[in-house]
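Shared chain: subunit A. Partners: subunit B in the first complex, subunit C in the second.
Showing the complex of A and B:
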C-alpha cells in the first residue's frame, strides 16, 4: 500500500482527481455567483413575473441550492448532462453535433501550424542572418499580430467574393451532395477556415522554435558534434532539435485542450457549427447545464493532456525519466 | 449680419444632411400593394433557411447570389452598400421598437417634473440619429412608435432646445453654481455626480456611444453625469433592485399597446417588474387599467391616446429613437408584398414569390442563428419562430399594409361580454375555415383549437402562460366553431387567443413530456414520410442540419392554394 502511495503515477492521478473535484465545485458556484440567472435576462414585456416564476421552476432553479448541487454532481459523474436551458435539448446531443467540426477544424489547423511553424523555426535558426530567417521573422510577427476576424474577413472577401473559389459559410453545401462527394464537399468548406487559422497560428510556433534552437546551437555539445564531423542534418534533428523538444512538447500538449474549446470568432465568421460559440452562448445565457458540462469535459481533457505531457517528457528526454539516477 | 450668416449656415447644413446623411429613400422599394385575396401559393417548391452568422458574410452571400433574402439589416454601411446595387431591392418599414432613457423616479432629483422636462429638451435626437445611424432610425418623442396603430402624435413634444430647458429649470427654482453645475431649489449645494447605466461598448457599441453623448448633453445643462458601463446581466440586476439614477434601454414591442400597462402601472413596480423607473401615478394607473381591460377597440384607442398624452406630460422616460426594419431581396424574384409597415421578408411574399425568369429554383433565406429548438411548446427565440411560423398558423392573421386583423384559420369571429353576478366574462366565438387540412392529411377542426388551448393551460407552459391564464372554458358547438370564455373583459384577449399557434390534436395527445418533445425527430402517425412537426401552414418541415440549414417544402394542400 505504502509502495502504491509512493508511486509517482498514483500520486499524479489522485492529484488530478482532486483538481477535477475543485473544478466541478467551482463550476457550480461561479456560475451561480454571476449576476442574474437564465430567467432574469428575459426582458420581454409579454413575459410576466408570474410566467418567469414558472420558467424558474421548469429549470429547477426554485430548488434549494444543496439539492441543485446534488443533481449537478450526479449529472456530471454519470455523464448524463441533462437538458440545456436554452434549447431544451440534451446537452450531450448539443455537444456531440458540434465536437466533430471543432476538432477537425482546430485539430487540423493546430497540427499544420505547429508542423509548419516548427519546420520554419528550425530552418530559420539553422540559417541565421539569411533571407529565410528574415522572412520567417517578419511573416511570424505579422501572422500572430493581426486580429483573426480581420484576416478571416479579408480571406472571405478574396476567395469567397472577388475570386469565388471557396464557399462563404458552413461545412457543407446547401443542399448537400451524397456519398464520396459529401466528403470532398466538407473538405472544400473547411479549407478556408483551416488556412486562416494556420496563417494566424504558425508565426508564434516559428519564432518560439527559432529562439529555442538558437540557444541550443550555442551549446558546447553542438560544437563538439560539429568538431566530430557529424553530418549537419544529424546535428540539426538528432542533437539540437531533440534537446529543444521538451518545451515544444509541453507547449503542444498544453495547447491541445484548446482544440475542444472552439474558436468563437472563426466559427462566427465562417458560420461553423462548433463548440466555441455554444460555450459563449451558454455562459452569456446562464445555461448552467450546458456551460457546466462543457467546462467539465475541458477540465478532464486538460488533466489528461497534462499527464500525457509528463509521460512524454521521459520519452523525448532520457535525462528526466523516472527511476533513472545520474551516473 | 450674424443672424443671416447663421441662417445660411443652417440651411447649408440641412441640405448637406438631406443629401448625404438621411437614407436615400428612392433606393428603397415603396409600397407594393398586392390584393391579399388573390395570393395563392406557395409557388416556391423548396425553401432553404441557411444559417449565416456573420453580418459581413451575409452581405457577401447576398451579393454573390448564394442568398436571396436577408432581413433585419442594421449597419448603415451595409444598407448604403446594398441600396447602391441594381440587382437588390431594399425595403424599409417602421419598427415596433423604442429606445429611451429612464429616470429612477423613486429618488430625488428624478422625481422633480421640471428637471425631467428640462432634460427631455436637452437631448438632440435628430443629431444622434444622423451621427450614429446615418439617418436609418426615427427620432421619437412619444411612448409608442409611429408604426403602432395606437400611436398618438398629438402629445407634448420635447424638441431639442437647451435654452428652453434652462428656462424651465430657472422657473422651477433651479440655479447654477459658478462652475455651471445645477443647484436644486432650496439648496445651496450643487448636485453631486449621477450615474447613467448602459451596456458595455463591447456588447453594444452604438448604445454605449449614444449614452456617452446623452451624458455630454446633460453635463452641458449643468447635470454632472458619469457613464457606468456594465455587463448586461449586471445591468439588469441593478435595474431589478432599483439601484440606479438613470439608464438607457430598448424595448421590442408588439402591435398591441397594452405593454404600456407593464411599463408604467404602479403594480408593476416590483423587483424584476417592468416599471423599472417606478412611476406611481393614480391617474395614469386608472387610464392604463382602462387600456388593459378595454372591452372593445374604440375604448382601447381612447385609453391608449389618453395614456400617451399623460405619459408625455409626466415624462418618466425620454423616448429617443425607434429602429427601422430593413430587408434586402434579390431582384431575380417577383411577387413581393411590402409596405411602410412591413418589409418584404414576410409570409405574404413567401406565398407569392417566383423567379423573374420563370424557371423555378429553391429560395435561400438567411437565418442569422440556429433555431434553438423546433419544439413549438418550448420555442421562444425569433429564430425558432422564423421556421415554426411557416409551419403553424393561428386563428387570426395580420394585414401587412394596415396591421389590422385578417382571417387566417378563423374566417370570422365575434367578442361578447357577459356578467355573472359580480363577475364579468369575455366570450370569443371563432368560426373556422372548413377547407383546411393538416400537412399529414388530417382535417383541421375546432377540436384542434380546443386541445391546443387546454394543453397550454393545463401544463402552464411559461411561453404561453399569460395568453391562456384567464381562460375559463373552451367549447366546440360544432366542428367549425369554437367558443373560448375568459375571466374579466379585455379587447386584447382576441389577440392573445387569436394569435396562438394551433397544434394538431392527434399529435398533441401523444406528447408525454412537453419539455423534451422533439417533434422534428418523431415519425408522424398518419404519414411515415413526415415528422410530428406538422401544421396547417404553407411549408412542410423536411430536414434540419444543425449549424447549416433548415429545409422546408411547399405544402400542396395548403388552404390558400385551393
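Showing the complex of A and C:
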C-alpha cells in the first residue's frame, strides 16, 4: 500500500483527480451561490414543461444537496450539461460543433509558435550578442507585455481594413461555400488569427529555449565535443539541444493550458465559431448551463495537459520519477 | 537605488502616475460629455479636412472671430442662455468674409437671449429661407476666410451666462473622439488610473496572501506545508482566464470585486518563492540562534525571514503588476467589467464593438493598447532591475 502511495504515476493521477474534483465542486457551487433560486440557473422559464420535468429529474433539483452533487457529477462526466438558455438546445450539441474549430486554431498556432520559437532560441543562444538575439529578446518582451487583443486589433486594422486581404470576422463566409472551396475558405479565415497567435507566442518560447541552451553551452561535455573537433552543427543539435530537450518537452505540455486563455480572446476579436467565444457569450448572456459546460471543458483540457506533462517529465527524467531531487 | 533612478522605465512610470493623478483634473467637463461629433480624427492629421471648433460668447466677450479655411462643415450647434443688464431686443448674428450677415437667433424684448439651434432643425432652415431638404451649411459658410459671430446691437453687454457654439468637423483634440463623441485623450488619462489602481492593489493583495502562505508553509513544514502546497498546485491547475471570466460574470463586475478575483488567482507564484526561501533560511545559523534564544516562530518569520526576502519580494511585486494589468484589461476587453468605469480595456472593447477597425479609427485602438503595453514594459523592466539588485548573479547575460 505504501509502495503504491509513493509510486510516481499513482500520485500524479490522484493529484489530477483531486483537481478535477475541485473543478466540479467549484462549478457546482459557483452557479448556486448566486442570489435567487438555484433552480433558475438550470431551468429557464421559457423551457417547455417536458424539458423542465426532464432537467428537474436529471439534476435532482428536489433532492438534498449532496444527492444533487452526485447527480451533477454524473451529468458532467457523461457530458449531459443540460439545456442552453439562449438557444434552447442541449449544451453539448452546441459545444460539439465548436470543439474542432478551437482545437484546430490553438493546435496549429501552438505548434507553429513552438517550432519557430525553439529554432530561433537555439540560433540566438548560438550567436550571443547578434542581431538575432536582440530580436528574440524583443519578441519575448512583446509577448509578455503586449495585450493579445491589442495586437490582434491592430492586425485586423492593417490586413482587414488598410490592405483588405483577410476577412475581418467569422470562421466561414456567409453563405458558406461547399466542397473543397469550404476548406480553403476556412483556412483563409483562420490565417490571421493563427498568425497573430504565432506572433504573440514565439517570443516567450525563444527566450526560454535560449536561456536553457546558454546554460547547456557552459557544460563540460560541450567543451569536450568542441575539443574533439566535432562540426558545430552536430554539437548544436546533437549534443546541446538534445540535452536541453526534456525541459522543452515539459514546457511544451505545460504551456498548452495557457493558450486556452488565448482562445477566448482570439475568438472574440475575430468572431470565430469556437469554445472560447461560446464561454464568453454564455457568461454575458447569463446562460449558466452553457457557461458551466464550457468552463468544465476547458478545465478538463488543462488537467489532461498537466497530467501528460507530468508523465512526459517522469519518462524523460528518471530522477523525478524516482523521487530524487534534481541536483 | 541609483540604478533604478537611471532606468528610463522608472521615469516613464512616474510620468504615468503623475498623468493619471493630475491629467483628468485639467479638464473642466466630465469625460462622459460629448465634445465633438463621433469618430472625429485627431487634430494633427489630414489638415485639409475641417476641424471641430468650440466657441463661446461670455461676459466681456460679446463677439468671436475665427478663421475658416475649409469646406462647409457638416453641422453647427448653438446653445445656452446669456443674461443682459436691461431689457433689450437682442439678436445673434454670423458675419461671413463677404460682409453678409445672417441672423441666427433673436429675442423679443427680454432680459436674456436663450438659444438652442441645431443646423439640422427644420425651423432653423425655414428661418434662413431654405427648403427642409437644403443644406444650410452652404449658406452659412460660403467661402474661406474670417467669420465673426456677434450679438446685435453692438453695445450689448452680457451680464452672466454664455452662448456656446460648436461647428462640427471631422477633427478634434489631441486624440480625436470615440463613438459617443467623447474626448479620447481624456479617456486615456482616466484609463491610467484604473490600470495602475487595479494592477498595484491586486498585486499587493496577492503578495500579502502569497507571503503569508509561503512563510507559514516554509517555516511550519510537515502537514501544514503539504496541505498548503497542494492547494497551490490545485489553483495553478485551473485555467486562468476562464475562471476569472466565470467569477467576474457571476459575482459582479465592480472594480473591487475584480481586484479580489485577480488576487485570489495570482498569489501562488509568490507563495512558492517565499516558501523555498524560507526553507533555506530556516536551517541557517542565525535562525537557529534565534530559536535557541527563545524567539517565537511568528517573531522569527516576520522580523527576520520577511526582511531577508524583501528584495526578492519587491521584484516579485513589480513583475506581478503587468500580469494583473493584462488580466484586468483582458476582462474589460471581453466586456466583463463595470461599463461605467473607463479603463483601457473598456476603450478597446468599445472600439471593437463599434467596428473601429473597419472604419480605420486607429486613434481608438492605438492609445489604449500602447498605454497598456508601455505600462507593462515599464513594470517588467523595473522588476528585472530590482531582481538583479537582489541577486547580482542574474546581471549581464545579453551584453556579455
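FYI, the second predicted complex is superposed on the first by the 195 of 327 C-alpha atoms of A that agree within 3 Å, B and C clash if a C-alpha of one lies under 4 Å from a C-alpha of the other, contacts with A are read in each partner's own complex, and residues count from 1 in each chain.
Heads up, the rule we're going with is that a contact is a pair of C-beta atoms (placed from the backbone, for glycine too) under 8 Å apart; a residue touches a chain by one contact, two chains touch by 3 or more.
These numbers come from a predicted model, not from an experiment.
Peer 1: Which partner chains sit in contact with A:200 here, subunit B, subunit C, both or neither? Use first/second/both/neither.
Peer 2: Once the two structures are laid over each other on A, A:200 reaches no partner at all.
Peer 1: With the two complexes superposed on chain A, say which partner A:272 touches: subunit B (first), subunit C (second), both, or neither.
Peer 2: first
Peer 1: Contact-wise, after the overlay, does A:133 reach subunit B, subunit C, both or neither (first, second, both, neither)?
Peer 2: A:133 sits against subunit C, while subunit B stays out of touch.
Peer 1: Figure out whether A:160 sits in contact with subunit B (first) or subunit C (second), or with both, or with neither.
Peer 2: Both partners, subunit B and subunit C.
Peer 1: Per the contact definition in the header, classify A:109: touching subunit B only (first), subunit C only (second), both, or neither.
Peer 2: Touch partners of A:109: none, neither subunit B nor subunit C.
Peer 1: Name the contact category of A:98: first (subunit B only), second (subunit C only), both, or neither.
Peer 2: Touch partner of A:98: subunit B, not subunit C.
Peer 1: State whether A:19 touches subunit B only (first), subunit C only (second), both chains, or neither.
Peer 2: Only subunit C; A:19 stays clear of subunit B.
Peer 1: Please work out whether A:168 is in contact with subunit B alone, subunit C alone, both, or neither, and reply first, second, both or neither.
Peer 2: A:168 sits against subunit B and subunit C alike.
Peer 1: Which holds for A:240: it touches subunit B only (first), subunit C only (second), both, or neither?
Peer 2: A:240 sits against neither subunit B nor subunit C.
Peer 1: Where on subunit A do the contacts with subunit B and the contacts with subunit C coincide?
Peer 2: Subunit A residues touching both partners: 34, 153, 156-157, 160-161, 168, 268-269, 286.
Peer 1: Using the touch definition up top, name the residues of subunit C that touch subunit A in the complex.
Peer 2: Where subunit C meets subunit A, its residues are 230, 233-234, 237-243, 245-250, 322, 326, 329-330, 333-336, 345, 348, 351-352, 356-360, 362, 365-366, 368-369, 372-373, 376-377, 380, 398-400.
Peer 1: Given the complex with subunit B, which residues does subunit A contribute to the contact?
Peer 2: Subunit A residues touching subunit B: 34-36, 40-41, 43-52, 54-55, 58, 83, 86-89, 97-98, 101, 153, 156-157, 160-161, 164, 168-172, 174-176, 267-274, 277, 286.
Peer 1: Taking the touch rule as given, give the residues of subunit B at its contact with subunit A in the complex, in rising order.
Peer 2: 48, 50-54, 56-57, 60-61, 63-64, 66, 231-234, 236-237, 240, 251-254, 259, 262-263, 270, 272-274, 362, 364, 370, 372-373, 375, 378, 460-463, 465-466, 469, 515-516, 518, 545-549, 551
Peer 1: Help me check something: in the complex, which residues belonging to subunit A touch subunit C?
Peer 2: The touching residues are 15-16, 18-19, 22-23, 26, 30-31, 33-34, 128-129, 133-134, 137, 141-142, 144-151, 153-154, 156-157, 160-162, 168, 257-258, 260-261, 264-265, 268-269, 279-280, 283-284, 286, 291-292, 294-295, 298-299, 301-303, 306.
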